[in-house]
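Each of the two complexes below includes chain A, the first together with chain B, the second together with chain C.
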Partner chain A sequence: MKKWKVLSPLIVLALWQLLAGLGLLGKSTPTPVEVAQGIYQLTVTGFPPGYRLPGHIAASLGRVLLGFGMATLFAVPLGILMGWSPAFDNALDPLVEVVRPVPPLAWLPLALTWFGLGMFSSAFLIFLGAFFPIVLNTVSGVKSVDPYLVEAARTLGAGEATVLARVLAPAALPSIITGMRIGVGIGWMTVIAAEMVGVKSGYGLGYMILTARDVARFDYVVAGMVVIGVIGFLMDRLIKAAEKRVLRWR
Partner chain B sequence: MRPSRALPAVIAVALAAFCAMALSLPLAGCGGEPQGTRVVRMGILRNDLHQVAYYIAREKGFFADEGLDVREGGAFSAGPEEMSAFSAGDLDMGYAGTAPVVTFAGQDMADVRIVAQANMEGSAIVVRNGLEAPDVESLKGRTIAVPGYSTVQDFLLRLALDKADVSEKDVSIIVVKPPEMIPALSAGQVDAAVVWEPYPSMVAAQKAGRVLVTSDEIWPHHPCCMLVADAGFLRENPDTVRRVVAAHVRATEYINENELEAADMAHLFTGQPNDVARAAMKNIEFSFRPRPEGIERYVEFLKDNGVIKVDSPGAFTRALVDTAFLPGGGS
Partner chain C sequence: MNGNGRPALELRSLSKSFKEKKTGRTLEVLSGLDIEVRPGRLTCIVGPSGCGKTTLLRVMGGLEAPTSGEVFLGGKPVRGPGPDRGMVFQEYALFPWRTVLRNVTFGLALKGIPAREARERAEVYLGTVGLSGCEDLYPRELSGGMKQRVAIARTLAVEPSVLLMDEPFASLDAQTRNGMQEFLVDLWMRTGTTIVFVTHSVDEAVFLGQDIIGLSRRPARIVERLENTLGYPRTRTDPEFTGLRARILEYLVKEMAMERKI
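Take a look at the complex of A and B:
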């Protein structure tokens, strides 16, 4: 079955090349070969000319890591509190559920007013994308901890703080990590909206994609999409690998 | 609900949605030039003042007088999406800015012809409050926002800097989309911005800054918005295109003869406050006859920047602009 891991992307690529090569996907759809050339040109010449791919990757990676890092930092403790205390849950759940469906792009003008042009407004939009999956998964992770475990810890004389830190948090860790995996994915999905705010440095994958769209360079648009996909995939694998190490006790 | 019961319901909803979608599809692809009322799928830019002729022709019945049923084929927030809709065959004609029309046509991404101008000029360099900047020269060392890489505004800025003997290296040019320019100026995140109306007038009305120089001072009669037609539609329906152009010409003349009324209608069309619409329209030259030399100059700029690859900007422009439908015919 493992061969399908390699075969399925190859089949998709071949189909894409065939359909786009025959012009069946519309004028604007580049073929995989053109996209590969696009990635090469982005690396060598850059787009806009002079702004090369490594710079775009570094800029977006920085924004995503900042937004995602802040989201994790705030969402995990909040989720643990909400999962642990019904009072917290009742108070915060409606708020979370009202804000959660709002598309990050809608926050754009406010983000600009609050944080100005640059790193922080971009990171804020990515934060919004990543925050909610982490909170919700943490809450459900904590809630699903076996109550007997908590009881047993209390019987053995553990205080609330110890129960929280030594029982609930570790038991909820698999859920939290799942939330982080979803969160980082949504963080990358938000990167175009985030870089629509205006990019001071002239670097960013989302910014590059928007600029390429403006001048009808769809090979660069798809090249940017592919690069984002690959980085997102690698980050997911990284978290998965970390999960294996952290959860060795399981 | 158990999955076995839920499934038929889900399928029913999906089918209903599909049928609703199919029914709402526009009546496209009518073969040959039809008799009677002619349907035109028109693309427009959302909230854009430059194409107020479209709104006036519609509201004053100029389209109807020509036996046309002009339907909004799409209201786009930006020109590139509109050009993509052209290449997908979803639009017959449309109002769009010079930059998306030329860049898409120059890369064979959309097969369109410019059949009339909608307006010229109508952009400005604005500076934030508190910035001591009496002229373009004093923008040295400052951060200046443009709405997009290689747009007409980007070109205007480079022309203005060149005129003032300021090297591009002495300023920091960044891309900020027009709606975000106002908060960026207010917060002092950028010192200046080059943008089309109504944004300069909005900046002034919201006291976020002031107009430093209008684009007519930088490049007189520079191209801005235009009326374009899909090349295939033009071939098959030349008489329909002629009628649309006639209504557009009549509306453009109406704007120039009834400035205040046109501004009030622009206010209704774009939702801009009345005073903003009036101030903005004063800065726009409404004119229906394209100036190919202006378009060619911009094509050269795009070519020099490697955005489009055309052998001869002159020949490319002559093929792109089709003035045969304007009063008096060819150029």
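Take a look at the complex of A and C:
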């Protein structure tokens, strides 16, 4: 079974090469070989010329980390409070449920007036994309904590603050990490879209893809897509590995 | 063991009712209980299943407020839970993300005991329950009996004046349960802690208890109060043991029969 993990992408690549090579996918679709060359050129020459791939990656990652970091910082304590106190939950849940379905990109016009073009506008959109999955998973994690654990802590002398920090937070950690995994994934997708409309010069994978399209360099477009996919995959793996270490007790 | 006449824990005409969420009716669970737990003694409370034993223990522990009546600990009224009344739950309630050692130091840190001293004290109590060498294991790596011994060590470590135990051995297999009963008697004789032990097993109550309190079916009233003067360790085949067990069983069967008639 395991060999299919390697074999199936290879078959897809071969088919793609064949069909695109024969021109059956339309004139603009590059072949895998062209995409590989595109990645190479992006790395050494850069696109727009001088703006090399590592710079694009660093810019996009930086925005995601800023937005995702802020989202975690706010969402986890808020989720713990909402999970712990029905009053908090009742007060904030309707707000969360109404704001949540608004796509982060819809905030862009406002974000631009608040933060201007660049880093902070994109980071804000990522913040919005990552925030809600983290809140919701934290809330459900806290709500499903075994009440006996809280009672045991109380009989051992724990007050409310201790219960929150030493019982509810660690007990909900598996759910919190799940929320973070979903959040960083959504944040990564959001950054690309945010850069397509919110970045007008410089670095960023989304910005690079859109600029490449404007000059019909579809090899760069697909090269950018491949890089985005691989980085998203690696981030997920990284969090999974961290999760395994942090949740050794499970 | 303080030999003065004052009870360690005292319940005065204590009643407890719950409001049923669906029907809105009130459900009376405890009805006018007067109980005096004498210091240093092992008191067992038996009663038919569903009669309100857990509720009674939770009121003693302060996890549930009585509807009327009061609970006194060393003469002072009890409000809310606190480390002066240690609780051991049937479900162990260990913190799964903490190692055995850190489960035991949890309450010590809250008392403001410095980390090193807490560690040493935890090790002493883990030794007391026979778990030296298990300090760095996580709860999932322990058997049921071991988990319950960690829970007991965690509670004993904060040195409560009363240890409240709610059917702590009910989810263990028969063999482990017998072992844990012997272990508890031994632990109690070594530490002299005041213990209130709730069970629905008459056999367990007679094996452990010096004072045995029998409850009626819900709403629980006290229908039986007796002293078990048999020395430890007790033998289940002893005629006095079987006699005592038969006597308590008889009242329990009566209680169950009445329930069936209703």
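Here is the rule we go by: the second predicted complex is superposed on the first by the 243 of 250 C-alpha atoms of A that agree within 3 Å, B and C clash if a C-alpha of one lies under 4 Å from a C-alpha of the other, contacts with A are read in each partner's own complex, and residues count from 1 in each chain.
Simple rule for what comes next: contacts are C-beta pairs under 8 Å (C-beta built on N, C-alpha and C of every residue); 3 or more make two chains touch, one makes a residue touch a chain.
What you see is a predicted model, and the numbers here were worked out from it, not measured in a lab.
Student: Would you mind checking whether chain B and chain C clash or fit side by side on chain A after the superposition?
Tutor: Pair status: fit.
Student: When the two structures are overlaid on chain A, which partner does A:12 contact: first (chain B), second (chain C), both, or neither?
Tutor: After superposition on chain A, A:12 lies in contact with neither partner.
Student: Using the superposition on chain A described above, determine whether A:170 touches chain B (first), chain C (second), both, or neither.
Tutor: In the superposition, A:170 contacts chain C only.
Student: Could you say whether A:102 touches chain B, chain C, both of them, or neither, answering first, second, both or neither?
Tutor: Neither partner.
Student: Using only C-alpha centres after the superposition, what angle do chain B and chain C make about chain A, to the nearest 10 degrees?
Tutor: Placing chain A at the corner, the angle measures out to 150 degrees.
Student: Of the two partner chains, chain B (first) and chain C (second), which one does A:196 touch, if any: first, second, both, or neither?
Tutor: Only chain B; A:196 stays clear of chain C.
Student: Looking at the overlay, what does A:73 touch: chain B (first), chain C (second), both, or neither?
Tutor: neither
Student: Looking at chain B versus chain C in the superposed three-chain picture, what is their shortest Cα distance in Å?
Tutor: Minimum C-alpha separation, chain B to chain C: 24 Å.
Student: Which positions of chain A sit in both the chain B and the chain C interface?
Tutor: None.
Student: Chain A touches which residues of chain B in the complex?
Tutor: Of all residues in chain B, those touching chain A are 78, 80, 83-84, 87-88, 99-100, 103-104, 107-110, 143, 145, 148-151, 172, 174-177, 179-180, 183-184, 187, 189-190, 305-307.
Student: Flag every residue of chain A that touches chain C in the complex, lowest number first.
Tutor: Where chain A meets chain C, its residues are 146, 148-149, 151-158, 162, 166-167, 170-171, 173, 247-250.
Student: Using the touch definition from the top, list the residues of chain A that touch chain B in their complex.
Tutor: Checking each residue of chain A against chain B gives 26-28, 48-49, 108-109, 112-113, 116-118, 196-200, 202, 207, 211, 213-218.
Student: Within the complex, which stretch of chain C touches chain A?
Tutor: 61-63, 80-83, 85-87, 89, 91, 93-98, 106-107, 110-111, 138-140, 151, 154-155, 158
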